[in-house]
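Handing you this structure, nothing more for now.
Note that the chains take the letters A, B, C and D in the order they are written out, and that residue 1 is the start of every chain.
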Amino acid sequence: MTRTADTWILAAQCPSLLGTVDVVTRFLKEQRCYITELNSFDDRLNERFFIRAEFRPLENDFSVEAFEESFGARAVEFDMSFELTPPNKRTKAVIMVSKADHCLNDLLYRYRTHQLPMEICAVVSNHPDLEPLAQWHGLPWHYLPVTPESREQQERQILQIIEQTDAELVILARYMQVLSANMCDVLAGRAINIHHSLLPGFKGAKPYHQAYEKGVKLVGATAHYINNDLDEGPIIAQGVETVDHAHYPEDLVAKGRDIECLTLSRAIGYHLERRVFLYSGRTVVLGH
Amino acid sequence: MTRTADTWILAAQCPSLLGTVDVVTRFLKEQRCYITELNSFDDRLNERFFIRAEFRPLENDFSVEAFEESFGARAVEFDMSFELTPPNKRTKAVIMVSKADHCLNDLLYRYRTHQLPMEICAVVSNHPDLEPLAQWHGLPWHYLPVTPESREQQERQILQIIEQTDAELVILARYMQVLSANMCDVLAGRAINIHHSLLPGFKGAKPYHQAYEKGVKLVGATAHYINNDLDEGPIIAQGVETVDHAHYPEDLVAKGRDIECLTLSRAIGYHLERRVFLYSGRTVVLGH
Amino acid sequence: MTRTADTWILAAQCPSLLGTVDVVTRFLKEQRCYITELNSFDDRLNERFFIRAEFRPLENDFSVEAFEESFGARAVEFDMSFELTPPNKRTKAVIMVSKADHCLNDLLYRYRTHQLPMEICAVVSNHPDLEPLAQWHGLPWHYLPVTPESREQQERQILQIIEQTDAELVILARYMQVLSANMCDVLAGRAINIHHSLLPGFKGAKPYHQAYEKGVKLVGATAHYINNDLDEGPIIAQGVETVDHAHYPEDLVAKGRDIECLTLSRAIGYHLERRVFLYSGRTVVLGH
Amino acid sequence: MTRTADTWILAAQCPSLLGTVDVVTRFLKEQRCYITELNSFDDRLNERFFIRAEFRPLENDFSVEAFEESFGARAVEFDMSFELTPPNKRTKAVIMVSKADHCLNDLLYRYRTHQLPMEICAVVSNHPDLEPLAQWHGLPWHYLPVTPESREQQERQILQIIEQTDAELVILARYMQVLSANMCDVLAGRAINIHHSLLPGFKGAKPYHQAYEKGVKLVGATAHYINNDLDEGPIIAQGVETVDHAHYPEDLVAKGRDIECLTLSRAIGYHLERRVFLYSGRTVVLGH
């Protein structure tokens, strides 16, 4: 699971077709790359193929450009999209928050202890409360308040930060604003949200209060890519906790915090390790 | 948790009022009953009080009638309803099934190994398939097929069986028919259903197929009292299992079976041990 | 996860060496076999490689003999052992029990509902109690009582049954006898035991009583291949349940039953689906 | 579960005797205290009784001294020890750490967000590494390095800090030193340690490495009161996580961190809410 310092990742997907595995594994063999972990899955209902390989080049002259060019030439025959990730890759990320600090605190702890291979380029918030937390970790802080009237402009500013920092990933760590359709489109497949319910149950606002009303015996959280359909994006990870009658809404909120943190950080880990494949509104998560 | 052969259970509920605990515990002391386990809960949002005591009479002349009369006289001042359950109590139950046998098989195993303190008086089904299973356990079998036209009559027959056997509990162990409003009313608070989703998510038919469509990473089951609002009855217990992209709908169905069995039998156990209190569309489950 | 009716399984292991994946996947491609699921793992501490592929031959003339011969010729260069499993394979198994019936009941239910792809050839017991259960399922029953003096002879009889039925798998479903070193040797890698603790904690007799003494808050079960070192065989699966102070030893026993059943059947499922690889006293379980 | 701002806690234990519940509940009634949650348990193997009540005084003139004096007079007849905890009680605590920061980080987050009703008086460490973390939270930091020769003196300094701060609770948040017998005695029943295994499995050093060697499929953590028998103190809480063959020792370490944090903070929460009763080397945890 931990990878040696010379381990690369190749992740690819394409339509189901004879030879999809072979085109990857034969190439790696030819390039003298030793595969340490390999997982592939063929979705027979959607006729789509997914593969993820961890490998170590046995020679010193491994070249990304040469690999991508040579492999690309073969992949194209399978209509295969692929991504090659180097050992030292730290994905650039922007985190968005509001007032709740538990997810941010958890992410920043994992960040500073190198548990998540990312580089946090900015923390953006529509409230000023969490600035000290970001600052203690030495992270650029952007306070961008928002009203219904200013939303369009505020989102433009956020997108500017994402562009300027070259961020590939946006993490909505309890950012309590609905994003515009345009924002969702621009961030499709690279923005992960944590919703505090077992979606699709309890969509929308105050899910723990809804859960209390129903008298549920389990509460949970869902990490998903955002899309235009609020709280309906492709699910990456879900977590759950048992509760009982003695949990008032505020107890559910408190109990939910731990599971939100764990679920969000797990989903981010999957994403950063290139385990998550997105297609037809769902995800394949390989080798977790 | 296991009780000695001389342990009684007293379960009661009433509006929140000073002295609700004392009226129970003082009486038990006066009657020279030793309390081995006691749990009470006060729902401050609904202003309702619940208490459950397990106790051993220290004298040999313990009399149910005397207890109920004396205690009843005090309970009435608190508008308290109560139920006294003797050590050897085996609640009479009728099980309703259709074609799926996993919950029935599980219940009958627990039944014949004395894990559930009930006496199964009849197994009723709208399909003939599970007769051998009931017969091997020596249980009366009633095959009552049903069509939309015959439903009223079929339900009358079922209610007759329930009456004639003096059954206090009805278990819908994957009985795949919607019950009429009248049937639900008659069985309110004493009929437990197992639904194969984490209600209120995926209500209605084919919940595992719905779950597959959504690409969820968790599936579950919900045991609840039936009421008129289909799949919305008060929840007693819920269970959950992790799944992933490789689970096709039929895999979710298979994976769900174990959790359905466990969740249903757990809910029945709570009910039989008088742990479940029903009020305002929700349950309190004490001391599980 | 469910496989189509034409899906084969290839499982193999060998020392770590460049080309281990390629030798498998290239061959499958050449044979026009479509890989629907593939998992490989390289244990860098033990320098050993494991691979498991599910595949569908695209042509009608697929021949086991030809496949094994041709692939064998290549595998030998990698010192690779492999096993090819056809779609309709039902592994022959013998189940050994004593008096406890929960695991047997669970296995027979899964057996008769085709949840485990095996053919039970015999049920062997050192006690007469569970004969009716075996008989109801139409299974050959062998009552072989045992004393310290007769153990050698009794084990010979058991081995005879295993041989005569061509059983490939032996399941110790709470068989409460210690096997001889010889018996363990003969059955190495093909006999699965369920121990009612989270090994290596609470080895030996009465683990739930040991757990009670320690006041643990979790109990569990371990399914493992048997070996000469009692309760120390390679672990295949483990399950766990929360408990508390109110659980007396007999409550732990009761609570443990469900987790024993689930853990044993899960381990057997992994074994039957050729997911388990045994080496150096440990297991790799691919793609579960 | 959350308590209103006027809720007191009464916790008591004594030998099993008729009237143990009544002596508590009758007194509360007489004092016009409304019980919102009540749990009692009688350990019939050890013949010991435990009770915990949450209650709200209905009158404004509630006096701790009067309560303790009056109730004490009755409790003495039952040889009952008890503790009365006021609504705003924040237990004074000292945290001991070494180099690992995950438990400290987690505790300090819960501390500053008021999830744990305690007042941290000091953070003590035998290494300088975690000073910035303590400082950012404005907590007194004591760097007390230790060698085998200086242990006696260092422990004296620690005990001095505990005394001077009036700390009632000591938390060993991955403090990697064995305490002396004397230190254990002095801190008996008020020092909580987190061990990174499912005790009594994998006692001693490097439990995750031991777990890897055994090829376990589950790892866990145990929070317990310290006593003279290293890693054998009374267990308060245990947590668990699934792992597989792909987890190298360092992966188990990483995976274990989350469960260590959760298990330790849960145990501390139980202790602070006066749910934990210690006797005969084991614990009763009421109403969690």
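Quick note on the criterion: contacts are C-beta pairs under 8 Å (C-beta built on N, C-alpha and C of every residue); 3 or more make two chains touch, one makes a residue touch a chain.
Owing to the predicted nature of the structure, the values given are computational and were not obtained by experimental measurement.
Chain centres computed from CA atoms place A at the largest separation from subunit B. Across the two candidate interfaces, B-D and B-C, the one carrying more C-beta contacts is B-D. Measuring from the averaged C-alpha position of subunit B to that of subunit C gives a distance of 36 Å.
For the pair subunit A and subunit B, the distance between mean C-alpha positions equals 41 Å.
Residue numbers of subunit B whose C-beta contacts span two or more other chains: 37, 41, 44, 246, 248, 287.
Chain contact summary for the complex, subunit A toward subunit C: residues 4, 16, 18-22, 25-26, 28-29, 32, 34-42, 44, 51, 58, 287. Note for the complex: subunit A touches subunit D at residues 1-2, 37, 101-102, 105-106, 109, 113, 115, 136, 246-248, 250-251, 254, 258, 262, 287.
Chain contact summary for the complex, subunit C toward subunit D: residues 41, 43-45, 198-202, 214-218, 220, 234-238, 240, 244-246, 248, 281-285.
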